[in-house]
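Next come the structures, one after another.
Heads up, the next two complexes both have chain A, just with different partners, chain B and then chain C.
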Partner chain A sequence: MTALFGYQKRDSYFHRLTARAKLLGLIFLTVAGMLSFDARFLVLLTVCAAFALYRSRIRWAEIAWIVWLTIFFAILNLVLIYVFAPQYGVKLFADKTVLLGTGHYALTSQQLFYELLVLLKYAFSLPLTLVFLLTTQPSQLAAGLNRLGVPYQIAYAFSLTLRYLPTIQTEFAMTKKVQEARGYTLGADSSWPNRLLATSRLLLSLVFATLEKVEVISQAMALRRFGKGKRRSWYHAQHMGQQDWLFLLGTIVLLLLSIFLCQQNGGRFWNPFS
Partner chain B sequence: MKKRTLATRDVVAVGLGAAVFLILFKLIAIPTGLPNTQVNVAQSWLSLVSIIFSPVVGALVAIIGHSLNDALSYGSVWWSWVIADGLYAFVFGWLVKGARLNKGRLSWKKIIWFNLSQLVANLLAWVVLAPSLDIWIYAEPANKVYLQGALSTVVNVLSTAIIGTLLLKLYVNGRGQDRVLREEDE
Partner chain C sequence: METAAIAVRHLSFTYDNRAEKTLDDLSFTLPKASKTLLVGPSGSGKSTLLSLLNGLIGPQQGDLTGTLLINGQDARGQGVLERSLAIGTILQDSDRQFVGQTVAEDIAFVLENEAKAQDELRQAVAEIAALLGLTDLLSSGPTLLSGGQKQRVAMAGVLVGQSPILILDEPLASLDPQTGQELLAVLDRLQAEQGLTILMVEHRLDEVLRTDFDQVLVLQRGQLAFAGTSSAFLQQSDFEEWGLQRPPYVDWLCQSGLALSELVRLDRVDQLVLPARSRLQPLAPLGRPAGAPSPVILAAKDLSFTYGTQPILSHVSLTVHRDEWLALLGRNGSGKSTLARLLAGFLKKQSGQIIFDPEGAAIDSGRLSLGQWARYVGYVSQNPNEMLIGQSVYDEVASGLVRQGLAADQIQERVLAGLRQADLYRYRNWPAIALSYGQKKRLSVLVLAVLQPAVLILDEPTAAQDGPNAQALLQYLATLQASGVTIITVTHDLNLLRHWANRLLLLKDGQLEAGHSAAELFRDPVALAAASLILPSDLLLQQRIEKEQR
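And now, the complex of A and B:
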């Protein structure tokens, strides 16, 4: 299986920002981008996100696969939208300029513009998420989540997930091989009932192995008095510096701009056709 | 013991449960040809976690596991479906709470209740909530998202009915003596 990609230790502007600032910034920008259907704003946001990706010193080879995958899904989604609602843009923008063809599937500039908006939504969010994922150390993220008001039990559960992903992945691969050795194969060459039984058996061993781990880990944590206090300290806790506040200020300005544009346009859409 | 915060065991269950959920989501998924829509074994795992632990644990497993999976495999999180998945686990867990499915023998009555509950929870999550959020957040055309929702419902209901039921049966049968100490925590 392809390895899960994640944090890369390097030195860049985004690596130096605290996890808390990056998380909050990501939330602000995502909300700003989700809220707005103003093409001008989405282009601005995409440019900012692309610049962030460039500045974060992430190598193309590390993200190429995921970028192509996203492009594939984005195109698939655009095609589907066209298949199911070819005149959706006409309805949204209350105007119809036919470019090509006639009838229900006639290509209109309004539809093209709407599909461009959908594409821009993918275009801005992908670089942002990539920068966040590849420059944020998981333990710092858990600490940051807690500092943002998420209960520390949930922040700790989140860091447990990241910690146990590789372990469970290895265990999964091993269990699969053991089951295959016993004749329960998941591959395309076995019959459907056999595959279903194999899947259930594989799941079952994962269930029991996981339940056992839950017992052991929770007892170890109980012995260390986990959950007794109202707060906990974090080994990877960070303090917000000047850079962090400046970064946050920038993202807040973009969020406010998004809200301002919604008011200005009298709704979430900006209509260039009226 | 404590009412407002999660018990330590639940914290660990959420952490590990989400990790297993993510691995299953990534490794055993049979695509149906529509984006965001696949036959998912992870859904059966989610149902079992909701039964063994609690609806809240199930919902957290779904939210952490699903959003992390989206971020790690697609680079962006499709929030409407993450929230819907969380709702599924919570509603399902809440519906089966009284039935004590993981205690004692698994009768036909319990199996029927299990499947009725997953049907209701799936309908709520994928026919009602997910498409509505898609329209509200992403302004997607209604007929497209409702079709996606309906298709996921069919796929999820069927896969949970087959794999989920089989898993529950095997779990109840295979549970050994090691669960004697469990009663004290509850």
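And now, the complex of A and C:
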């Protein structure tokens, strides 16, 4: 059994915050972090995000694969930047300190520093997103989205998707086994055409199963008056408390700091080389 | 006269894309606070009727004539939302109508859609949860609930909307017999307290008729074939034609030559009064004893399994003999499905050993991939949709053989023979997803049986099927058994246990109790309770008579 990726009911500071505060906070901090190319600020944000992840009581096993996947793509991203624009940092910081090699692909401190900035963007945004996704109960999030002006049909669809994710996962696993038992192996021991055939059969069956489910679920919802009024209420709706406002205040301060630094630096970049 | 909850007069319905009427000139009345049982074979129009009543289909889907009054008002123009104020519907599939993240949220769903204030939601949910014994589960998600609990949540979620009429579509289908009885008792209590009008579709007659009904309606080919009290219903002689299974105690009374019309409370086996000195014929012996002892085909030694930190099976050892039909019993969570999946290789073994043909080839499951093991031991899961891929019926059966690399003419021969055996030959060119549930179920068995495994393991093969379909499946399994296949079924089906299985194994809290014959099981109340079963009605009557004679 692999641990399922999704909300887990636990008790932590972040679990207690309302979904709305967390959503707004995530937006503020993401804007702040995307706006700024000030290494000092990004390090501060990364430290905050790492601390948040630590405090949120998320277990490593639950997030391991997504963290490794992100690290893989981050490294790929950094390599590709270097391949396609090895002197971009030099242009940005209007300075050139060659550390290694010569010519177009010479490694410069400026390029290294620029790539560090890109890495920092990954480093702050991943933990923040993980904290948000794994500590926010989907219904609370749906209620929060609705409160922020998203139509309730869309907000509910989001929560419903997460509700049926485990069901679809187990049914998919079962179908996969059934197909394996019938000779369609997906394992490494079979040839590529076989694997392709097996995978397409599997996806086809998943599509049929899901379509059938969607019809039953939508009927069940209509029978229970979903879509009756312009508005609906939410059992899991939450009210913002002092803690939520304090949390929001903190994120706003960070956002303002990011804007302030932009002004101070005369642009989005802080240049340590000048 | 008080207005009826539902009054239907000369109601006919023809779907837009069909030539013949699905419902043909129906007239019936459901008085307020009454309880009605609606039965009929699949394809008789039951689902269409229910959908017309709750508004899921209407004049948009076809030609609708006649009158339909709900609480005295013409309801033909009302859509599903308006109808839901008067009629609450509990669908057969309680997992798919569970739309909330938690039990509490799911129960509140109707009221949320009414935009009721949050404290009202909390109060209403707390009240209904207390009524149905769900208070401790309010913050649980659907994956943690048993079938019976989900069914109660579904009921709470509809009752909280205060619709005075309740439609239940096969509420017993996914429940074991004992849990089914508990649900029926809860329903009766609620009806008495709240004056609900109930319309229930259910074909497990022997179980559902342990409670009272004011009226029974029989649908056949879109027409009302019978309407009357349950006593009058049981006196009819057309059960076979209706595709229904008459409760066995009534068959027994008939065979013993008693005049059914003269019996008091014929409808309730626990209250039936037999005339003094009436003689009943001896009942046929229970079970189907195996023939001469045959060699062991499958042996499991010391299997243990834990799920997270929770032990599911501990030190289970068993042997299965060639050509026998073995039934695995136990209540929900006893580990019987886990055991079946372990034997089939669908779950990875944690400890112990499973050997195929220990006295001959002695093949250890641990050394083989699932695909290789499945050549010896096949597994049919409960949900046929998990087994089928959406090809034509023929291709669905043939594909496994194509993978084995058989010659084309050989494949054709085997597939067509299999389709005939499973009574699916007529549908060979249909897409598999267009089949009925019962047909899909037989197809899901056939796609494995055609690969000719020596052992076939089936999880709840007869669940959610009506009498004729279940019977057809059992007949098909018996044919397979006669051709040399060993059958293992995980089941709660009373009919399967007493008429088809050769040997029963009872699991209790992850441990194997002693094996039983059907006769021993039905004589042992403790074992019966451990398997979450109830006595078939004829045996119950026999026990009553024996007690009274003592």
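What we mean here is this: the second predicted complex is superposed on the first by the 232 of 274 C-alpha atoms of A that agree within 3 Å, B and C clash if a C-alpha of one lies under 4 Å from a C-alpha of the other, contacts with A are read in each partner's own complex, and residues count from 1 in each chain.
The rule we apply is simple: a contact is a pair of C-beta atoms (placed from the backbone, for glycine too) under 8 Å apart; a residue touches a chain by one contact, two chains touch by 3 or more.
Only a predicted model underlies this, so the values are computations on that prediction, with no experimental measurement involved.
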item: Contacts of A:F273 with chain B and chain C, given as first, second, both or neither; value: neither
item: Which of chain B and chain C A:I66 touches, first, second, both or neither; value: first
item: Touching partner for A:R201 - first (chain B), second (chain C), both, neither; value: both
item: Touched partner set for A:A85, first chain B, second chain C, both or neither; value: first
item: Chain B versus chain C as contact partner of A:I217, first or second or both or neither; value: both
item: Chain B versus chain C, judged by how many residues of chain A each one touches; value: B
item: Partner chain in contact with A:Y235 - chain B first, chain C second, else both or neither; value: second
item: Partner chain in contact with A:I154 - chain B first, chain C second, else both or neither; value: first
item: Overlapping contact positions on chain A, where the chain C interface meets the chain B interface; value: 1, 159-160, 163, 167, 201, 204, 208, 213, 217, 221-222, 226-227
item: Residue ranges of chain B in contact with chain A within the complex; value: 2, 5-20, 22-24, 26-28, 34-35, 41, 44-45, 48, 52, 60, 64-65, 68, 71-77, 79, 137-144, 147, 162-163, 166-167, 170-171, 174
item: Touching residues on chain A, where the partner in the complex is chain C; value: 1, 9, 137-139, 159-160, 162-163, 166-167, 171, 174-175, 177-185, 187, 189, 201, 204-205, 208-209, 212-213, 216-217, 219-229, 231-237
item: Complex contacts: residues of chain C adjacent to chain A; value: 54, 56, 80-81, 84-85, 88-89, 91, 93, 95-102, 104-105, 108-118, 121-122, 125, 139, 142-143, 157-158, 161, 307-308, 344-346, 369-371, 373-374, 378-379, 381, 383, 385-390, 399-400, 403-404, 433, 447-448, 451
item: Of all residues in chain A, those that touch chain B in their complex; value: 1, 4-6, 34, 37, 63, 66-67, 69-70, 73, 76-77, 80-81, 84-85, 88, 92, 118, 121-122, 125-126, 129-130, 133, 151, 153-154, 156-161, 163-165, 167-169, 172, 186, 196-197, 199-204, 206-208, 210-211, 213-215, 217-218, 221-222, 226-227, 268-269
